[in-house]
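Next come the structures, one after another.
Shared chain: chain A. Partners: chain B in the first complex, chain C in the second.
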Partner chain A sequence: MRRLLLVVTFLLMFGAIWIALTVGAIKGPPANPDSPVRNIFYAHVPSSICSLICFLVLLVVSIGYLYTGRPVLDLVALAAVEVGLLFATVLNATGSIFSRGEWGVWWTPTPRLVTSAILWFLYVAYLILRSSLPGSAQRRARICAVFAIIAFLDVPLVIISARFIPDMHRASFEFTSTWQTAAFVMSMMATVLLAATFIWLRADLLISESKLQEEIVL
Partner chain B sequence: MRFFWSTLSAIFVKDIVTELRSRQVLPTMIVLGMLIVWVLRMASEAILTSKAVMGPVALWISFLFSGLLVQERSFAAEQQHDCIYGLLLAPIDQGTIYLSKLLANTAMLCIFEIIIVPVVLVAFRLGPDTRWPALAGVLLLGNIGISSVGTLFSAVVRVSRARSSLLSVLVLVVLMPMMIPATFALLTVFGAVPETLQGTGALSFIGSFNAAVGYMIAFDAVFVVACWLLFGFAIKE
Partner chain C sequence: MFYLCLSFSSLWLVTFIYMLFLDRRIRDMSKKLKIREPKRP
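Presenting the complex of A and B:
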């Protein structure tokens, strides 16, 4: 099942990249139409959505942990944060390259850029908190779940700023050909599947690791 | 309800009296705040920035960092001689412990503000003209926001060895979104930016002074309620 998921993800990804680089390529900014910089959109938008999905997973499993106290949920939360941080890093890096190509600056404090930076910082703070709490695993898990819920309260702001607030950063994109739509849909599906696979693999690894540690202690 | 108020006031009075007798945090806070203001005042000479811009910046930076000192103390002091177990074993709601600590931290930050605001106004030659109530309101809202998150995380990090550095990372990260309307509101109070702002910058997405205050009230309400609800999980051993 896992192997099938990986194969489908990579096929979709290669398909999306191939279309995006050939028939579905987006023209560059008016000043420099030959520049391929706008193609980064195919990686940028899916990774922004995936980093938000990972945060949602984190919220759900954190509430679940506080409610049930099952250690597996805490490990899934850690997996979601690590994968979410990966996608948030890709989001900020691709956004920065795009911004340089489009507006000539690497970073500028517009609402969406500020809020996606906040998202990245929240993920990093979670990992710092997790690594610096001594004591029992239950206590650490409970505190991390509390932080995750408080941190999630900042996320609606990220979504509001991306959709409703006037910004030089565009809120939506008009496709000019069916190929572009196809490439976008494929890259979106591939990225979401990739995130799901990563969370699955990482959580599985963490669970095996904790089982092994329990056996060593016993 | 009477029990709730008597518990709340008992812990609140205990914290304030302890601080007034030992004077452990307040003097340090005030000196740190003054040093921050002094450094930024020097910087504003060098970079030729408008003083109406640097004044609010100095205020928020000194509140954030001095606030961290008082918040860190609020549970570290309980931890020292295992006094925390006395609080936890008492037959009171744990949410009440949070609310009284929040109140004590807010009160301490208010005392700090009363001292540091005149210092900033004199150092940067600023005056809010007729907008004193707006200035006081914005500072109080910021104060509640900073204390609400800080008090919860102070309970979270009390057992960690890297207590103060961890607390500063957690509090500053979660407060980042609130600092945008807070900065905007203070800038408008001192006339550094117009009351309504249009464009595409980070501050213009707030829009107007009233919207900034609205955002701050919303943040405060959400943070206080969420922290109060989650405090029981954070304090449990």
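Presenting the complex of A and C:
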């Protein structure tokens, strides 16, 4: 099943790359129409949505852990944070490159950019908290789950700042051809599937590692 | 643009192969752990 998911993701991503950078390529900014910088949109938007989805997964499994106390849910939460951090890094890095090419600055403190940066820092804070908390594994998992639920408050802020607060960041994008729409839909689907595969792989690895550690202790 | 496309495709291909390799290793490890698990009556 996972292998099938991997193959579908591979094909979708491969198709998205070729369509996005050939027939569906977006023209550069007026000052430099040949620049490929606007094509970063195909990676930036799916990464932002995936980093928010990972936060949603983290919220659900954290609530599940507090409710049931199953250690597996804590490991899935860790996997979601690691994958979310990866996508949040891609989101901020591609956003910075786009901003430099489009507006001439790497970063500027606007609501959208600040809330996205906070999202990245929250993921990092979760990992630091997890690795530095003393005490039993159950206590650490409980505190991290509570932190994850509180940290989720940033997600509506990111969405609200994107849609409703005036910013130099665009709220939406209009495609000029069907190829561009196709490339965007394919990259969106491929990135979501990639995030799901990453979480699955990482969670499986963490579960196997914890089983192995239990055996060593016994 | 063609070279950009080619480099992204190559990068993606390498990532995909690495993920397949990782998937195989995790699968093998889970199998071994399952075999070693003590059987409950």
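Note that in this section the second predicted complex is superposed on the first by the 218 of 218 C-alpha atoms of A that agree within 3 Å, B and C clash if a C-alpha of one lies under 4 Å from a C-alpha of the other, contacts with A are read in each partner's own complex, and residues count from 1 in each chain.
The rule we apply is simple: contacts are C-beta pairs under 8 Å (C-beta built on N, C-alpha and C of every residue); 3 or more make two chains touch, one makes a residue touch a chain.
Note that this is a predicted model, so its numbers are computed, not measured.
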{"item": "Partner chain(s) touched by A:50 [first = chain B, second = chain C, both, neither]", "value": "neither"}
{"item": "More chain A residues in contact [chain B versus chain C]", "value": "B"}
{"item": "Touching partner for A:26 - first (chain B), second (chain C), both, neither", "value": "neither"}
{"item": "Touching partner for A:186 - first (chain B), second (chain C), both, neither", "value": "neither"}
{"item": "First, second, both or neither for A:80, with chain B first and chain C second", "value": "neither"}
{"item": "Touched partner set for A:66, first chain B, second chain C, both or neither", "value": "first"}
{"item": "Chain B-facing residues of chain A, complex", "value": "66, 109-111, 114-115, 118, 121-122, 124-125, 128-129, 132-135, 139, 142-143, 145-147, 149-151, 153-154, 157, 161, 165-168"}
{"item": "Chain B residues touching chain A - in the complex, by the definition given at the top", "value": "149, 152-153, 156, 159-162, 166, 169-170, 173-174, 176-177, 180, 198-202, 204-205, 222-223, 226-227, 230, 233-234, 236-237"}
{"item": "Parts of chain C lying in touch with chain A, wherever the complex brings them together", "value": "1-2, 4-5, 8-9, 12, 16, 19-20, 22-23, 26, 29-30, 33, 36"}
{"item": "Chain C partner contacts - residues on chain A that touch it in the complex", "value": "2-3, 6, 10, 13-14, 17-18, 21-22, 25, 36, 197, 201, 204-205, 208, 211-212, 215"}
